[in-house]
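Two complexes come next, and they have one chain in common, chain A, joined by chain B in the first and chain C in the second.
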Partner chain A sequence: MTLLAALFSHYRRHPLQLLALAAMIVLATMLWTGVHHLTSQARASLDQSESAVAERQQIARQDGKPLTVEDFVELRRAGLCVMPWWEVPSRQGGRVVGIDPLAAGCFESPDSEEAPWQGELDGRPFIDISEAAKLAGKNEGGLTLLISDPHIDGALPEGYRLAPFRVGPDTGELGDSFLLNLDALGVLVLLITALLVRSVYLLGMAQRRDSFALLHRFGVPQARINRLLVVEILLLALLCIVPGIWLGRWLATGLGSGFGRALEGLFDQPLYAGQGGNWLVPLATMLTVVLVACLADFLRPWARAFAGSSRRSGGLVVLVLIAGLALSAWVTDLLWLFIAVALVFVAAGILAPRLIAWLADWRSGHDRNLQARWRHREVSVLARRLALPLVALQFAMAMVLPVQALVTTFESTFDRWLAQRLEADYYIEVPESADATLAVDWLAEQPELAASGLWHRVIRGRATLPGNGDEAGTEVDVFAIGPVGPLVTDWQLLESASRPWQRLQQGQGVMVNEQLARRQNVQVGQSLEVTLGSGSFEFPVLATYPDYGRPAGEILIHPSVLPEDFATGFQSLSVSPGNLDVEEVTGGLKRVWQVDELTVRDNRAIEELATAIFDQTFLLTRAMTTLTLILAAIALLMMGWVFFSTRAWYFRLLVVWGLSVRQASAQLIRLSVSLTAAITLLALPLGIWLTWVLVHRINPIAFGWSLPMAVYPRFWLELGVLSLLIGLSIGLLMMRQLKSPTVAPVNANALAGGER
Partner chain B sequence: MRRWILMLSIVVLAGCSESQQEAGFAGLAGVAENDAEVPFLQPGPGDRLIFPDDFGPHPQHRIEWWYLTANLRTEEGEPLGLQWTQFRQAITPRPADAEPPEAADWPLEAAWMAHAAVSFDARHYFAEKLARGDVGHAGAQAQPLAVWLDDWQLEATSESESWRLQVAADGWSYDLSLSINGKPVAHGDNGFSAKSADGEGSMYFSLVDLHIEGTVTLGNETLEVAGKGWFDREWSSQFLKSGQQGWDWFALHLESGDKLMAFQLREEDGGFRSGTWIPEDGEPVALQPSQLRIRPEEPDARGFPRLWRLEVPDYGVSLEISAPPGNYLNDGLYPYWESPVTVAGSHSGEGYMELTGYGDRTLSAYSTAVAPIRWMLRSAPLNSSSSVRRSPEMALITP
Partner chain C sequence: MVDSLLSARGLNKQFRSGNEPVPVLRGLSLDLERGQSLALTGRSGSGKSTLLNILCGLEKPDSGGVQVLGETFDARSTEAESKSERRWGTLRRQQIGVVFQEANLMPALSLLDNVRFRARLAGQSEDGCQDWLERLGIGELADRYPDQVSGGQRQRAALAMVFAMKPALILADEPTGSLDRHTAEAVIGQLFELQARQGCGLILATHDPELAARCSQHLDLGHVPQS
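Right after this comes the complex of A and B.
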């Protein structure tokens, strides 16, 4: 038998172990690669679309009508370098941009990078504008005319004005937040993978200790054995990582369309397929994780020394935990916050098994029941010996908790926000040339509408809040809404004075959004100084309303309060026509305004789409956390089973001492359930703390906004049930072991890699 | 006619890379051919010119151009050369009397390309514009004459026999009045101008005696200019014969009052020559290949011969043609040489010279710049005629 065959025969005797190790690496690689692939795609497209339209401006008609090809021709014939940009839904779902590569010629500049629309137009996301015209069908509108910056010195032809151009509304921060959260989850997946792989690998190493010793006695130098072990794990890693990456990319492609639609719907960010993510990054990352996890002891012998001196280091770990917690509460820098999270996790990971062991020891000293004392002692041993898989399960549970809480909070907030913003059935833009008061008069005169329908007018503009001392004032958005009716009075208010909506209708104050209240420290009841037009006004703050992540400050006000010289940016009508047909409303408005076309949005369709897209958004997040949890559970199950097996000889002594097999099995089940329950209990505070850090620390620091923090005890219960199932499964597996004969006790200390 | 240059540049490219092939000015021919209900029309011997219709577009022909070159002088008497060209390339042929597609559909049945250049004081200014057809910002009409692409335009004015040409590029522009003297000169066989010994060719006529005046603005300097111009109209559906490597074209105003147009399509074994002798008095005469000798002197560092000998022994013409110092490469999508020239020898005079297929610039520029047009082709398969007269070696199709 060759040295290699002797060394590797271990896996022939324990094929399940090899399978488990391989499956863990493959699955973890798949998960992480999938996430990495998607987030790098999304990032690349974010960057690309930003560079594509960075600093760009577009042309708008002064009469507010949608642009047509005639406008394009008029502007080009006037010598302006404009290019069409027509966003249309694609047949495959998502959105594509129709452009005219010939008209885009004047946008090129020799010293700049190639524009994203140059090269092949393959629908990712650019297509020829004639294709876009076909996709758009009879739907007018949506045509944008971009103007090249160097060409806008000259005056625009009459009837046109410049407007800033961006691919979507200003939701970049939300997109960043989403991607950051995914990144953080990815890192946690890596961490948990490392723990799991290490635990299984160390188990194998412990079992092979006798083989190594034997080989050494036969004259094989330890260094050579170590070298072969490095080769072994390197080969295994490569063999598992490559298919893992392939599976990860497959997963990313599968989820990609949904993820892309989600990003696009939520953040107006089309996902350009085929970009971002290569093989090298996941390969190098996973290889590093596996090698470090398995070979850390070779690389850093002192790490073992450190691990050995557990009593001395205990105090240090507590200090690290306190430092991490303190840092997480006080730092205002994202990097330090992540360091704080890492410190807390490291400390919690080291402390949790010791804490369980210590508590079990303590209880065994105080329990009068002998069986219980035995059980507690056994829990203490298991907690120390199964430390790694236990910590992995603890981390996985601690990760699942905030993800579930955030997603659920986000969902309900988003639902409320959608319902709030899309309360009316239809949204009608007031053309720039039109007089909105005529429409208001007309709508007020419709008896049918008054009886069964609802409507209000929204005037959008800007206001300034005075700065402190030398500071410049803060620009905020103004929404003047009137008449104030059920379309807004159902809004959930975070905080309010008495009769806020009535007082708003009477022009006796303003409402502010959550962001403004947070950033400017505005309280309900206090007086807010606002510059509207050329005048300065003071209004009492009537209420604070939640506004899902919108970073800009907002003021809600009644139109009657607006001064004459208030610059109206945009006007719209929100209408629920009730028994009236919407066509009658739009027809009437067209007559009143004497226009042929109106921009009308069906809010119900938008809400449906948004909700559908939202569900897809978190498909990935949920899939990732669930899979991680399953992975951790399987690892614990397997480790527990293997470890329990090594102690089967001792467990059988229970029967020898006089317990029935049934009673002995019950003891084992109680034993394993205690262990998993303990780790679940320890995961809860860590998870809740992580939720708190994400909601109250990371999000506000990174993005300046946050969702409300909520905890969901029902979900804790679900986790409890899961841990119970894992414990029960281990116990049941042990019952089988009890029934099979064991020839001799196995040294558990050796199995855990301890000194002989 | 000479805008075969652009096709030739691609022929040269193809010769360097793949099998020999022909292509259109935008490389448009190099894609596919299918059986369209409406075929491309191909000019042939016996076809006649129709005025003023032929000043307008020919939507059932694959390629055509409106081309002006001018030898002008500033008030100080300094020479200034000027060019304006607008090309149309059909992707889908359409009968002249058919309704054009809706602009709102952003159709892709034709593409337009415009070139403008000014050569002054050894400096050469060049600009290029592209547009899709039938949208409206580029087009042409016969009556009243108008050819436009964005804010570049050639238009008939209210006065008879008078046009106005306006071009505004980045940092330079011109605004010219053109007075047309004399009738259009039909080249070749009453307007059918052969481009090979096998009879491929195009319809081609010129206005050879234009008086031009106006202003040319270069940076902050506005120059009053006046001088002579030469205007070409040419259309076809055929491309150059495979094996034709390059193109040399001359349009000369001689001080005797005579005019001469001559070109050659270079091939390994000599190539094809043709021209028109336009005496001051009397009818134009089509020159047969045997009546013309066109020979370059040593090429310059860029590979373009700046000095030429051109002889028409039958008319006692033996000319030395030379470009002024400077680089006159029109560095657009398809680079080519377009320069004013002075004439010495048996006659003195001035004129314009166009050269293509020299040096290797064409290749690299093509390969980097042609991507958008190439793409355009992929999305709109070319239609072409199955009924046109075509010799076997006129295989236009790339696999």
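Right after this comes the complex of A and C.
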């Protein structure tokens, strides 16, 4: 019999305990690997798309006006190597980019055989700039001047500045925020899993303490016992982490396809990289987590030296809590916000079991009923002994609550918003070569449409809001709609002046989306200076409207206000044909525009697709949080069961003293339910606070928009029912032990009078 | 049998070790009058604790019957288990005090609260509880918790609990087994003194022949003929 075999004999005698620890490591690894795998895939996918739209430098006018050929000439004469980049509509549909091959020579790198823009990018072929000029016709807007040397700022002629240039949508800010959110979820899951693994491990250690003491008395040095324990947990971790990682990747892959579609829906381009990723990061991370979680006792003297007495450490924790809460209200940086959340969670985790124990002790001191006093004291003991799984459950509940609330709010808000945005039945693209005003005239002349149908024209483009002093102006999207009718007047507005839609129709102002209102601190009623084309205008702000899914600022305006030289990005018509057949409408438009084909989208199908994609995202989020909750519940159940077993003797005493097994069981159930109910009650404020942080702090900083802050008492009730079920399950499992006549005090602690 | 405090007839009990049946009690019978004491001796595993458990209803015999304090229990009875459990519960709560070798106290309650808790369960007044602790010499420890006092003091507190409930029968399973000789003598002296004063019956399982000799009856489970 070797020392290792003697040490391991505990698990030979209690194989279920070993199985529980192994299962906990496997499940914890699975959960974290699942989240990590999804995050790293999303990160890889975003990197992929970022590299496809690699950033360059362009030159912009300091006054915010669009660049013209004269600007190009002036810059070239100043000796700057600039290349024109002119995006214009193609005759075949889509867009092409006009470049000057001569100026493109500036960009040739000696290390590269190919200029970086060569070939096709984002579906747009390159053509000579003279061809582009023909296609653009009178419309000179959309000219960009790229500069080859990004470090030339000081040498720019007066009136010009450098600005970032990217092709395709800007996913950077949104993507980073999205990834940061996923990372935060991953960290929280990691913390919960570490707590769970530690709680199960410590339980076994407590039962082995007598064996260690015996070995120590036999002359085995403590250091050797510690080394063997490290080897033991290392072997177990290695054996369990590998299948855990495999299961986690399997889980992530199962959920990932829908996730990929959700990402595409969010960013409007394929972003999910699918399979891949390495095993090393989850393996190393989980190995570290398991080792730290299980062997953290070796750090205890250091922690004690740092924290000092229990009272002092309690004060320190309260300070950490206050600091976290204050930071979460003040900081405007996402990383600091997440640090604040971590501080609050750590402090809440340390304080929760202490608070339950303190309250139970206090009630015990003030209750005249002796049975109740005993019960309160038992709750106090349980709160201290089951602190780790309790905190894990508290965190899981506090995480589930805001996620469920946000997802539910987002579902209803997004559904309503999408339905409003897609109010018209059909969306018809105006061909690049077509004159939209002809269509507008034709549509206005259709009596059937006027009687039963609805329509409006949409023009999209860009505008600039002037910067302060030397600051560059801010580019925003322009969303022009006219005539303003029932297709838009039902939109929910976050804030508005009187008669906003009538005034918009009359061109007496603009509306701004929430992102723009928040970032530029734009208030309803104030005057907003906007550069449209070459002209600068001032409009009163009539309303702010919600605009979910992308971070860009946007102004809603009537087309009649747009100047002649406004660079139209693209145009469309939104039509609900009413009694008319859509074919009659499209047929009429084809005749007016003299084209054979039209791009017509069925908005109902788009709505269905978008809803399905978001449903998948919600499913994924719910699945991950629910899994965490289930894991935490199982851990508490397991721990509660094993811990109650060590205390079964004292419940058995109740039977010895004349209570029936049923009465003693009822006491037991009251105890376990009190404990789980207490932790649920403490999880609620934490969850509600986290909801507030997500809604009012993280979302506005990360995405620019905010959902309405809603709390759902139904979720509270569900968590209450769940805690009741866990408490009941522990009680029911223990009832079996009460019926056994062979229950005896099981450890030295019990012989010494038991913990109180 | 009618006038006795406790009477057991033909008790049989066997356990299983793997597939092997291990008989512990074989047709055992005994009687105890009020004010009498009975010592149960025998080697470890001879069935002392099992017999005590059967005599207070914590275990059921395979066959045989027990009559205690006017209540009759028979292993062959068709009475619903819940009903017999209720009757046993009432007896243990109000009339039968049980003392084990250790862990007789609720660890989360002070010594005084333990005594008051037990008295309350038995339907007795809590007023005299402090007195019982005083009489047993641990009055000044009333507010201490079980883990804050010595093993001997815990056993005295356990006796205080039993006497505070004013039992008709005390079952003590090696109550001084974990104490040093000096403490054990003090505790057992108090047990006999109070038992005599209250006139209740006492059944004491012990390995100590001197202790067994102090009882009015002696039953050696290692030698008693069990048919």
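In the analysis below, the second predicted complex is superposed on the first by the 548 of 756 C-alpha atoms of A that agree within 3 Å, B and C clash if a C-alpha of one lies under 4 Å from a C-alpha of the other, contacts with A are read in each partner's own complex, and residues count from 1 in each chain.
In the analysis below, a residue touches a chain if its C-beta (ideal position, glycine included) is under 8 Å from a C-beta of that chain, and two chains touch if they have at least 3 such contacts.
Predicted model only: the values in this text are computed from it and were never measured.
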Tell me which partner A:596 touches in the superposition: chain B (first), chain C (second), both or neither. neither
Name the contact category of A:564: first (chain B only), second (chain C only), both, or neither. neither
Under the stated touch criterion, which partner chain does A:660 make contact with: chain B (first), chain C (second), both, or neither? second
After the superposition on A, what does A:68 contact: first (chain B), second (chain C), both or neither? first
So, A:158: does it touch chain B (first), chain C (second), both, or neither? neither
Touching partner for A:378 - first (chain B), second (chain C), both, neither: second
Where chain B and chain C land on the same part of chain A: residues none
Within the complex, chain C is touched by chain A residues 364, 370-371, 373-374, 377-378, 380-381, 649-650, 653, 655-663, 741, 745, 750-756
In their shared complex, at which residues does chain A touch chain B? 68-70, 72-73, 76-79, 84, 98, 100-106, 118-121, 128-134, 150
Can you list the chain B residues touching chain A in their complex? 103-108, 111-112, 128-132, 135-137, 148, 150-151, 168, 170, 371-373, 375-376, 378-380
In the complex formed with chain A, which residues of chain C make contact? 53, 56, 58-59, 82, 85-86, 89-94, 98, 102-109, 113, 116-118, 120-122, 126, 145-149, 154, 178
